[in-house]
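Note that the chains are named A, B, C, D, E and F in the order they appear, and that numbering of residues resets to 1 at the start of each chain.
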């Protein structure tokens, strides 16, 4: 605890994802008081075909 | 806001998914009073190997 | 199947939520080909204290 | 109802997943009083690149 | 890992929830090979006003 | 996009939650390249009665 899920479009590099989990873990630990060892992160990547704002999918723009 | 997630078995066509996000966005906007621009939709597709009802996976039927 | 989750700020009336599930169920059934009986909807209501865009919670605006 | 989601690293065999849904359905039915027919299970499999504890992804260990 | 979420209508007793997490943890551990210490369970309870099948909320039946 | 969900036990102060969304938004923006305006955060708070590790709920410890 805490458990963090980051949902975003696919396409980030492996280096970006590595940095993401490091920085988000630090931010969560610092502000909640939980130790870093207790912070879990899940990355969920979406296809542009499965994400829509205002009724239009990213892949249809 | 609102954020809508539609979880379903994979296999719908691209046209079906396009229509799905259009119609669901309209339904949500009309009934909640949120403008269409504020409605976000995520489609999550499942494999039959990862979905079970009554203890039996769809792929084992 | 399908399973639909609608996440939104608390404050909608009971009538709005009733209409929401009716209209969204119809939209999902019509566009995916699933019968209405197969459509499940979950409404998740958030407090303004637990929702932030651009780093600012709705309750801090 | 109930709806159960099991999130785990990819790599389990098909036999393991088949047994998982059988046993979890039985456990949920027995303890909640819901009939087995009412229990739905979703398996979500994660890549080691998308799962981190303590700021380090499983794939970076 | 694994992480299990059980979503159900509110109203189960504390004893039922205690038994639920024990039995589900055992079932997941036995079938996935993960040790019990690695199994995390989240219970999410829904109001009848926020759950609908076939376009009708449980509270409107 | 991205959408971040932080799930944790209830009990954090309002100031902690305010700082959490600020810092996490900055961390996500910096590492993914998304502008801060595009980062959405949801906080989900759990009761100790609904969270278990190793088959034992936090409230039963």
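Some observations on this one:
Quick note on the criterion: a contact is a pair of C-beta atoms (placed from the backbone, for glycine too) under 8 Å apart; a residue touches a chain by one contact, two chains touch by 3 or more.
The structure displayed is predicted, hence computed values, not measured ones.
Graph distance from chain B to chain E, where chains that touch are one step apart, equals 2.
Of the chain pairs C-E, B-C or C-F, the one whose interface repeats that of A-F, sharing more than half of its contact pairs by residue number, is B-C.
Rounded to whole angstrom, the centroid-to-centroid distance between chain E and chain F, based on C-alpha atoms, equals 21 Å. If you average the CA atoms of chain D and of chain E, the two centres end up 12 Å from each other. With centres defined as mean CA coordinates, chain E is found 25 Å away from chain A. Listed for chain C are residues 3, 7, 26, 51, each touching two or more other chains. Taken in their complex, chain F has these residues touching chain A: 1-9, 12, 16, 19-20, 23-24, 26-28, 30-34, 51. Across the complex, chain C is touched by residues 14, 17-18, 21-22, 25-26, 36-45 of chain F.
Within the complex formed with chain C, the residues of chain E that make contact are 7, 46, 49-57, 60.
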